[in-house]
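Shared between the two complexes below is chain A, which pairs with chain B and chain C, respectively.
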Partner chain A sequence: MAGSATTVMRSMVGRSLRLVAGRPWFGICLLLLLALVVLGPMLNVFLWAFTRNWAYPSLLPTVWSIEFWDDTFARADILEGFIASVWISLIVTGLSAVICLPAAYAFARMQFPGRTFLLLSFLATNAFPRFGLYITIAVIFFRLRLIGTVPGVVLIQLVNTLLFMIWIPTAAFQGVDRALEEAALDVGASPLRVFLQVTLPLVAPALAAALLLTFIGTFYETQGALLVGVPEVRTLPVVMIRLINNQVIVQYGAILSVALWVPSLLLLIFAQRVLRGNTIASGFGV
Partner chain B sequence: MATLKLHSLVKRFGDVTAVNGVDLSVENGEFLCLLGPSGCGKTTALRMIAGFENPTAGDIFIDGMPVTAMPPNRRPTAMVFQQYTLWPHMSVFQNIAYGLRLRRLARAVVEEKVADGLDLVGLAGYEKRLPSQLSGGQQQRVALARALVLEPKILLLDEPFSSLDAALRVRLREELLRIQRQLGIATIFVTHDQEEALSLADRIALMQLGNIVQLDTPSELYAHPRNLFAAEFIGAMNLLPTHPSDPTLGLDPRTLSLPPGMQGNASLTVAIRPEDFQVTVPSEPGMWTGEVEQTMDMGHYRKVLVTLAGASAPVKVFMAKSMEVRERQTIGLTPLRYLVYAEESEPVEVVPDRPMPQA
Partner chain C sequence: MTVTGSRGSLPEPATYSGRFRVPQSVLGYALILLPLMVMGTLILYPAFLSIADTVTEPSSGGSLQVSLADYVEFFNTPLAVRNLAFSLRITAVTVAVLFLAGFPISLYLRFTHGRLGNLIQMLALFPLFVPGIIAAYALIRFIGDNGWLERFLHLLFGYEGFTSPYLRPAGIVVGLAWEGISITVLILTAGLSQIPDSLLETATDVGANRWQAFWRITMPLMKRSVLIVMTLNFLTVFGSFTIPYLLGPASPEMMGPYMRRTFYDANLPSRAQVQAVITFLISAVISLLYVRSVVSQKVEEES
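Moving on to the complex of A and B:
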């Protein structure tokens, strides 16, 4: 009985799926709905960036304008925030690479006690509510007089980068066939040369992906920078939050959002060109 | 032109002994196969020669010089690996030229040697290809060229053709043998495929559990396997456990003449190659009688499984296709040649028509 019931169910589901599949408008509707949910908020921000006046019932801005763009970029705090963000992101990415890449190599290639535990421990920073973690760290930083300093911001942002910078390169190093390295040793290359000329080129796409993700992630990191950096150190996202909180002018926030969206888009386009399509996935060991 | 000598080579991984005291010498221009089932230590032995594993004990000499402590990048050996180990980010030219460039050879010399190498393996004109644009067989040819252009003293091959399909495997085998003869390079070839070993090697070192069981020419190894393991591993073989006073096979003991010295032995095994039976239809008195269980057409010969009365497993018989046999038919078998194995002693070959050897 149960068997026949499931058969009936299955045939009904199959029939309705076939009915739906036969009508392209259903798929189009789904796509539009998805686009609305995903792109809607972005579109709203985009429109606000070019608006002078947007009265309530109107679907589109009532008066278009780009005058706020000049205003926004004329502000000293935004320029300073941009410079601070770029510098801090570069420092964090560089430090993270120096710390994590040798560690990733060790995780991939060496057996030592506690290896699995240590590798999993890097997940821990992502397993707890970020803000709670930051507050406890901030308490320690306060005693160490790191609050409101660039080293403080760099340190707290480093925490975020560990997962990507350890896991992706570890998977990449693990993915390099040892026989390829042995073949290079065999024809006479020294171990250092093998690493530089065989291992490194093979993991380069995954390392580039990890560096890129780290840079972008750090550039947009807000919570840690807000908690540890303020008031002396202000990265761009922190400046943006202040603008949105303190100003009645929505356009500043909107313009900054659009402007901040550009570098990550450029980096991702660059990434797609430089890296082969499956690199990021392969970095995760997929 | 070079020689290789292994002296009491031992390799242990923790509690596991992979290679258990191997002595071996390979002569100038010799083609030697290390043959054995997986886990017999053949690959470990090869990797010690290449320098990828450090021996737990023992020494390796090339041309009389100890190389045991020499790292792999300094050893005058070159290896072709089981998987295609071409560097995927380098072109065919760059792959082959890599080792030459490390030796700081002039550009023109490198180009010439790469061209010669590709010529040798039949891939002239493939310089600019990437490994991903080559088939498996082509990749393995490039790997061979990469090893050969360095003019190593010893060429090492670790099951290089095992991931290729059967027809290609046979063709590359022939090509490898041609190149090896042409260059006269001492070669060690690791394989688990006895057919491959028999067809390639000047001598075969048959390994089991980390030891060399037998070191002989292919024809000697086939004709006179030294123990039951060798008898079973090389070629097809019927192993019939028997006892002089207890004809467990249900055979007439007179038809199975045992060497005089062995008749008192408690446990004996008779080993008969499937091609060493004479088939008689119908069976005559004094012959082994059996029923045909299955016949298989193998192309140029026929393989027949015959159930002997009282025997536990059917015996394999290879016979000419000119003779017809049907399944369920009763036929007579006469062993023309067989080996008798007793525990703890050398096997004795018996050829019934000839006088019995005195053991």
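Moving on to the complex of A and C:
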């Protein structure tokens, strides 16, 4: 037992904690504070996208307008950035799937020495401080003349995708009820047919979620693309960095944010629905 | 159970006993070879090459010899030391802010049910759904000069002393905390949900009050999750680039932007390597502390 002073202090803190936690107004304050801090910035950007003038200290735009939308998408750098981002993200996602999905099947279904250790070793991608790792990769790319090339950007972005593309599908393959496959085999279906008609449909939602998460994650990946791509390859996030640094017109960045964020939000919500909430947390070893 | 059909090229699960036994371990290794190779060439090889490069230098005879001269030079460069100290300070503050903000939210989510809790959880997880570059842009508008935050403070409280954290050290903390809150809440809530209600009820049954139950049962059981979240946040924040680059001051700067400037603007890849390896070493020490405390906790539990 600790000293009496500590006990008194603890019971005092305890009493106030009880008082606070027992009342709904604590939850309401928490809700309002979180709403302001979390939603505030995004709402602010939404308003900026429909603004011509916004004088201080008005809380809402003083002159509303959509005139900047046409200008934004007429900009050559934004258009080229968009095309580059879509292509590179498709290539990275496809490459990642080809590399990782068979491995995920093996991790889920086969027994071999060191299986658990090797599966866990993909957490090593998280163990390095990310940008330091990118610098060491960039040094090699520099020697190989991969700086400023599409293959360079694809390879550095591939690093980010390994963990999710292996862990999510592995969990999905493990989750398939083996009795269903065995039943199909018993009635004479070939293993290939069982895989295509029983296993694959069951894991398809999780695989789709993994592909989506990888595509979205790659599309918005910024630091690797900036470090390795510039100056020849500029993905959309890199174009956005230039818009931020040059402070040209607030609306360009705001419109770009809104136009790009809404589709990604819908896709992410879909992915989240498919994966149980704990999948992401378990990826961090909880 | 026996499989009578012929074997396709498809890998067979372990429990099936086919007519011909393809050694499953060989097939398993073959299938995982590709991602392991990618990890080897794109993560381990660059990291170890940089370590090797920075601890050696060519001697007069042309062969390589071990030398720590690069590191001596780093620690004798006032700017480099200043940036490293700045990075560590910002990281410590951000990790603390994330814990202090995330833990009460997680506790609230664990012990309340209903609509309000669901709403709070949705808001806490919301940043997970905002790509980093868009979050950075939104935060600049929000916390910047004449931004929404300043307008709110002005109109609601008549507060005029607002100094924007944008392009100041606090801007980095705000940005990284905004991005990190979701994972923090997610991991802490997952940890808290592993503590069964029955255990806490038993404690109150034998006369413990809620605070005692919290302090004696919840906290010790949360040690592991708290350590995981702190380590993870440290690694993420310390290794970050985009937020410090866009929201932080030009000087002092965190290691991320500093390394890029050394590599790209100053065109000194070998010096950037030294900086990167130093961030590796510091992160390794943190990870090691974490692993050791988890292990010692396990040993404690077993004795």
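General observations
Methods note: the second predicted complex is superposed on the first by the 235 of 286 C-alpha atoms of A that agree within 3 Å, B and C clash if a C-alpha of one lies under 4 Å from a C-alpha of the other, contacts with A are read in each partner's own complex, and residues count from 1 in each chain.
Everything that follows uses one rule, which is that a residue touches a chain if its C-beta (ideal position, glycine included) is under 8 Å from a C-beta of that chain, and two chains touch if they have at least 3 such contacts.
Note that the structure is predicted; figures quoted are calculated from it, not measured.
By the document's definition of touching, of the two partners only chain B reaches A:D177; chain C does not. In the superposition on chain A, contact of A:I255 is made with neither chain B nor chain C. Contacts of A:A206 after superposition: neither chain B nor chain C is touched. In the superposition on chain A, A:L185 makes contact with both chain B and chain C. In the superposed pair of complexes, A:V198 makes contact with chain B only, with no contact to chain C. Of the two partner chains placed around the shared chain by superposition, neither chain B nor chain C is touched by A:I78.
Between chain B and chain C, C contacts the larger number of chain A residues. In the superposition on chain A, no contact is made by A:I88 with either chain B or chain C.
When both complexes are overlaid on chain A, the residue A:A127 reaches chain C alone and has no touch with chain B.
When the two complexes are overlaid on their common chain A, residue A:I269 makes contact with chain C while staying clear of chain B. Where the contact sets of chain A with chain B and with chain C meet, they give residues 182, 185-186, 188-191. Note for the complex: chain B touches chain A at residues 50-52, 71-74, 77-79, 81-83, 85, 87-89, 98-99, 102-103, 143, 146-147, 150.
Only residues 1, 3-16, 24-25, 27-29, 31-32, 34-36, 38-39, 42-47, 49-50, 53, 104-105, 107-108, 111-112, 116-117, 119-120, 123-124, 126-143, 146-152, 154-155, 178, 181, 183, 186-187, 189-191, 209-212, 214-215, 225, 228, 232, 235-236, 238-242, 245-246, 255-256, 259-260, 263-264, 269-270, 272-273, 275-277, 279-280, 282-283, 287 of chain C touch chain A when the two sit together in their complex.
In the complex of the two chains, the chain A residues touching chain C come out as 10-11, 13-15, 17-18, 21, 24, 26-28, 30-31, 34-42, 44-45, 48, 56-59, 98-100, 102-103, 105-107, 109-113, 115, 118, 121-122, 124-140, 142, 155-156, 158-159, 162, 166, 178, 181-182, 185-186, 188-192, 195, 216, 219-220, 222-223, 226-227, 230, 237, 240-241, 244, 250, 253-254, 257, 260-261, 264-265, 268-269, 272, 277-278, 280-282, 284-286.
Taken in their complex, chain A has these residues touching chain B: 177, 179-180, 182-191, 193, 197-198, 201-202.
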